[in-house]
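Only one structure is covered here, and it is reproduced in the block below.
Chain lettering (A, B, C, D and E) follows the sequence in which the chains are written, and residue indices restart at 1 in each chain.
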Amino acid sequence: MTLFLQFLFAGLTTGSVYALVGIGFNIIYNSTSIINLAQGEFVVLGGLMMWFFLHSLQLPFSVSLCLTLLTAAIIGLIQERLTIKPLLKKGDLLLMIMVTIAFSILIRGILMFKFGKDPYTYAPFTEGEPIEIFGAIITQQTLWVIGITALCIVLLYLFFNKTMTGRAMKACSLDMKAARLMGINVSKVVMLSFLISAVIGAIGGIAITPISLMEYDKGAMLSVKGFCAAIMGGLGKSRGAVVGGFTLGMLESLTAGYIHSGLKDAIALLIMLFILFVKPAGIFGKTEILRLRKF
Amino acid sequence: MILEINNVSKSFGGIKALKNINFSVKEGEIHALIGPNGAGKTTLLNIISGIEKMDSGDIRFKNISIKGIPPHKRAALGIARTFQNLEIFGNLKVFENILTGLYLKNQKGFLKSGITLKGIDKDLIIQSFSILEYVNLLNKKDELAKNLPVGEQRLLELGRALATDPHLILLDEPAAGLNMRETKNLSQLIQKIRDEKAITILLVEHDMELVMGISDMITVLNFGEVIAEGEPLMIQKNPSVISAYLGED
Amino acid sequence: MKNLVKASLLIITIAIALIFTPKDSYCKEPYKIGAILSVTGAASFLGEPEKNTIIMLAEQINKAGGINGHPLEVIVEDSKSDETQAVLAAKKLIEKDKVLAIIGPSTTGESMAIIPIVTQAKTPLISVAAGASITQPVQERYWIFKTAQYDTSAVEAIYNHMKNKGIKKVGIITITTAFGDAGRKALIEMAPKFGITVVADERYGPKDTDMTTQLVKIKSAGAQAIINWSVGPGQVIVTKNWHALKLGIPLYQSHGWGSKKNLELAGKAAEGVIAPLGRLVVWDKIPDKHPQKPILKKYVSDYEGKYRSEPGTFGGHAYDAFMMVVEALKKVGPDKQKIRDYIETHIKNWPGTGGIFNMSPKDHCGLDMKAFEMVIVKNGDWEILK
Amino acid sequence: MLKIKNLDVYYGKLYTLKKVSLHLNKGEIVSLIGSNGAGKTTLLNTISGLIKPASGIIALEGKDLTNLTPEKIVKEGIAQVPEGRHVFKTLSVEENILLGAYSRYSMKTKREIKESIEKIYELFPKLKERRKQLAGTLSGGEQQMLAIGRALMSKPKLLLLDEPSMGLAPNIIKEVFSYIVELKRVFALTVLLVEQNAKNALKISDRGYVLETGRIILEGSAEDLLMNRDVQRAYLGRDLDAEVRI
Amino acid sequence: MSKGNAIGLFFLGIFVIFFPQIVTDNYILTVGIFIGINALVAMGLSILMGYAGQISLGQAGFYGLGAYVSAILSLKFGLPVPISVFISILTASLIAVILAIPSLRLKGHYLAVATLGFGEIIHIILNEWGPGGPSGFGDIPPFSIFGYTLRSTVEYFYLIWMFIILAMTFSLNLIHSLTGKALRAIHDSELASVTLGINITKLKIKVFVLSSIYASLAGALYAHYVTFLSPSGFSLFYSILILMVVVIGGMTNIWGAIAGAIIITILPEILRGFKEIDILIYGLILTFCLLFMRKGIVPLFIEIWEKRIKK
């Protein structure tokens, strides 16, 4: 029991980050039908920039937090304006996939240039002894990570369901034409979706870095895992990404715990392939159009 | 009867697009399928060409049921079609578009294609030119298809369909976006295809002048149901057709 | 504008310097040595200090008048931690630059990849990677030497220490890279010799974020100690997880642990972690009469003075390799065959940074377990265990 | 009030509207009728700014709207109820209505918008009953009312209605049309109504235009058009005179 | 094959024959060998992307399969190298078919991620169960045929470029055949293609298999040339590298694969001096190409050339 619980906690920690990346995928997917394969880079960006503001510039925690999120938001905006917007009209999916990959390499390159290859970390948000629950141990930072993820989910829920801008974004993803007729600026919505996804990714990075350290090339793995999470929960459904992220985290942890730790990445990928193959979008993609999307 | 539609139904997410459709197309005729927007005409064409699956019913082509046969095999049986939204191969040259139609009857194995040095048979290219001549596009043969004006793209689609050597051509709004002169040429061409090549034509079209001018038989669809069938003059007088188009009193 | 002025001034200065550099300050032909190092890519933590070391040493030697009056020219190629690139680099050094010897590559894989090339070209290669297969079987590795201690020596040092402490059951956790894999094999292979059983064999990926699952599993398998074999962030995460879980069993790290950076990153979680480290890391804590001390002192202070960072064990491997080649050149001149022979026969009781080398036709590494000191982390610093 | 002059529109490569000119007077209901593919929807989408015209002028109360974005056009007071209704299916009825007020939403107008919503509910009591329901679960007629209600939330001066009768049962169609008259009265709207269902449309209209393959071929008062044989010809390709001859 | 391509191929052949005679520098020839290997993998992807309109982020998987299977068969089972190469290609094609049947029903992003998943799974398998695990293994026999063992760089240069010319001939024939037109048709409109009687599923699978054959052949040649393998060379990064080769060279023209391979292989040789920013430069080049040179170098040059002729 204790063992199982301990595996569960480990799964929750990694699952949180997967969920946040997965949500980021979905937000962009809903507004543009693009999978932003640079999503994981924003997690890395969050962790490294936080370190930069905290340690290199010696700024207080709250200021660093704001500046980090601001940086992520700006880079998200830059990505959308510079690489997505000029190509969106062309509607060439192949091109869109490649341009997000290109941008992820670009971010990685910049981060490596700035930070080198060393891992970075900073102190947990709260100092203190780990907490024991039924014999299983959970660190305070893990609680932070889970809590922040939960908070993000709640905030996003409120944003999409209680604010006009959020509703407008949802409207856009549901019916572009009707949204435009309501006076919603679609271009702004797309921009906003990139911005929000970037910030969510960065939040994940900020929270996880004290536990897992952060280095410039962690992003690709996170993108793949986050995408698995999004696929598992059903692409486009942000609640799905949360469920998918935590499920994936648990599965990895339980695989490592009960089967073999060398296989946990393969398990994640196999599940993703299985889902892709069993529920394909169909050659003419009609099922895509007909499916009702929901946050 | 070259084509028989028996009790075909189809619904999309709870909305019944087609309800027990029954009608048949006589060999060698131009048969028009008309009806207001959303009546289900394109859906029916898609079902006949196999791009969409029907929920129930049966379709017989030359007395054989083609239910469940994949679209590319239906083409091999002799069903060709054009598209309302123009599905030409824009990055291929005009004559190459025709070649893709000729592929059906002249294909070689993948491996053989890779080791054959001389490329495409001269015969085929000459054949493609003669089809282009038939649809009046020979002078544009080396242009990229995407650079043609709409009227010529429609002709190209028609030529490409002809290249598969079909018995039945499904035309989905071939006159959309054409001007008066082009429409007139098109109607002559469609008649020529029927008369000279003995190909049956099932035509979905909104341009009533065209429809009334060339059709041998008309089936009228409204709300996914056949509401009338007959020769053009009969249809024009049919009160339920008038009310479907003009509204009820 | 100011920058422009500065830049042009700089260029002019350089140009003048170049023109007026006395061309005949070395009247003799330069000796060329090549180096293939993973300066970038996954193994850059190795290649970076290695490159810095070699460049620094070459400068020192040239400043001191070169080797027997010949200036030394070192050509460093970056292999990007990629075997293909290493092969290309080896070809370039041999065919184009016609070097007398090659130092590197940094990793076992890259070293293995270029062994056929250097063997065919009859060029001595002094690898700075650890894998035993680099120099064994020695009859097939006629031209190959290495300066990094064997993984097995580090394992021996750890198991020896455990044996003295009465530890019989260990759980190992290794990273799924070449480094971790080599360690894993050595750990499993050598355990019986010391009467130790490996009760758990866990692994993790280089980008994993949490290893608590594996650690808990090791503990529940009844292990009396954990050995983590990795480099990079993994060893810090394991340390932090180990500390947080309060497992109550000691954590041993591999010889990759020897960087102050790890202590910084792990913070107080690192207290009590034990690892076999080369004396380079703890040079200031070894007795003055130890033959390695003066070498280590000079190397570390030179390096830190120049690069403002610690050289680490890996920079030391490059130091040893470079100095061996230089000594051979000094004694036998620019002859590839003679250089090889000199290293094989004359590097005896030769103090380097990695230990005291004893090369022989049977051993092209010349180091054993004695190259390591068992070191524990105490108050955020290393302390040598007696 | 609305003036359109010499409008040329290409839809992709299709030359869909050819030198179209029309005008609406304040407070009128004007029908635009014509068969499928005549360009009616294209015309509405061009007025709404979804499609950019190649040339020509669109002006509302003297203000040129020709090259404004859809967002700005909504703000200028033109709302469209699109063909096929386009309600946000997985949002609640109330959210749909609220989104209609997007263009005038701000902290200050929050209260006002609440009042507007109540007004819509007064008009369509059925929507009030189902305010928490997802819009996709409404019947076709209810969705049409929702789409109209949503469009009204932007406080338009001019309402563009695209085929409000499409896909509805005849009794519901009558209900919808009677609502249109009611709305015009309550909100002092001007309405441009695009319909295939010509008779029903013309019955409630003051004037009408007939569009055929991108050209306006007829215009006149509703009664005149109802009687006109050319209208039938435009729909059915029937030359009534020729028929007489036979 | 068109006349232009035939002439191009002829000159390529001449060039390949005489290049090692003129440039005797083994280093440059080695670069030439790796250009060839990358070009071979890229050629398959180029047909897959440019002609069948399918994306793959898993080419490294087939490349790795080819390398490992051939190396293991010849090293551990003592099979003659040509036979082990052949079996490795067969294995890769078989796996390609199995993967293609479910994958090619997917579109766009889904397909990209499915192939990426496949590539990574292969990478994990090589890491876990490949001989030597992550450390890799060496002493793979060099390429030999009819008792003659290839040893020198020049021999390998000829061997690999011979395969390139063969593959190129096959690819160009295919593209300019009726089947090739059908492939282009699929790219432009799948909907219209099926109604013309083109069996798009079957054709797509065949192209996918072709791309896996090229990749696995390249992998096998790599294995027997370098004689050492480790999983690190067969990761997602290689798939992306090949993607870059295809994009930069231009995916609508097979020659683009060679042009792209030349640029991408030589680039790091040139960038050796810029070690800290090489990833950054890669990213910049790729982004730049996607934004401003969407067609790639070869089609761009052809366009400029044709414009000049017209003038």
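One rule holds in what follows: contacts are C-beta pairs under 8 Å (C-beta built on N, C-alpha and C of every residue); 3 or more make two chains touch, one makes a residue touch a chain.
Everything numeric in this text was worked out from a predicted model, so none of it was measured.
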If you check the contacts of chain A and chain C, which chains show up for both?
-> E
Tally the contacting C-beta pairs at the A-D interface and at the B-E interface, and name the larger one.
-> B-E
From the centre of chain B, which chain's CA centre is farthest?
-> C
Average the CA atoms of each chain to get its centre, and name the chain whose centre is farthest from that of chain E.
-> D
Interchain centroid distance [CA atoms averaged], chain A/chain E, Å | 32
Return the distance between the CA-based centres of chain D and chain E, expressed in whole Å.
-> 56
Here the gap between chain C and chain D, centre to centre from mean Cα coordinates and rounded to Å, is 77
Going through chain E residue by residue, note those that touch at least 2 other chains and give them in order.
-> 128, 191, 200, 276, 278
Residue numbers in chain D touching two or more further chains are none
Shared-contact residues (touching 2 or more other chains) in chain B = 51
Could you pull out which chain A residues touch chain D in their complex?
-> 164, 167-168, 170-171, 174-175, 177-185, 292-294
Residues of chain E touching chain C in the complex = 25-27, 30-31, 34, 127-128, 132-136, 138, 151, 153, 222, 226-230, 232-233, 268-269, 272, 275-276, 278
In the complex with chain B, residue positions of chain E that touch it = 1-2, 170-171, 173-174, 176-182, 184-185, 187-189, 191-200, 203, 206, 210, 252
Interfacial residue positions of chain E with respect to chain A in the complex | 49, 53, 55, 102-103, 105-110, 112-114, 116-118, 120-121, 124-125, 128, 190-191, 200, 236, 240, 243, 247, 276-284, 286-287, 290-291, 294
Which residues, counting only chain B, touch chain D once they are in their complex?
-> 15, 36-38, 149-150, 153, 173, 176-177, 179, 206-213, 223, 233, 235-236, 241-242, 245-249
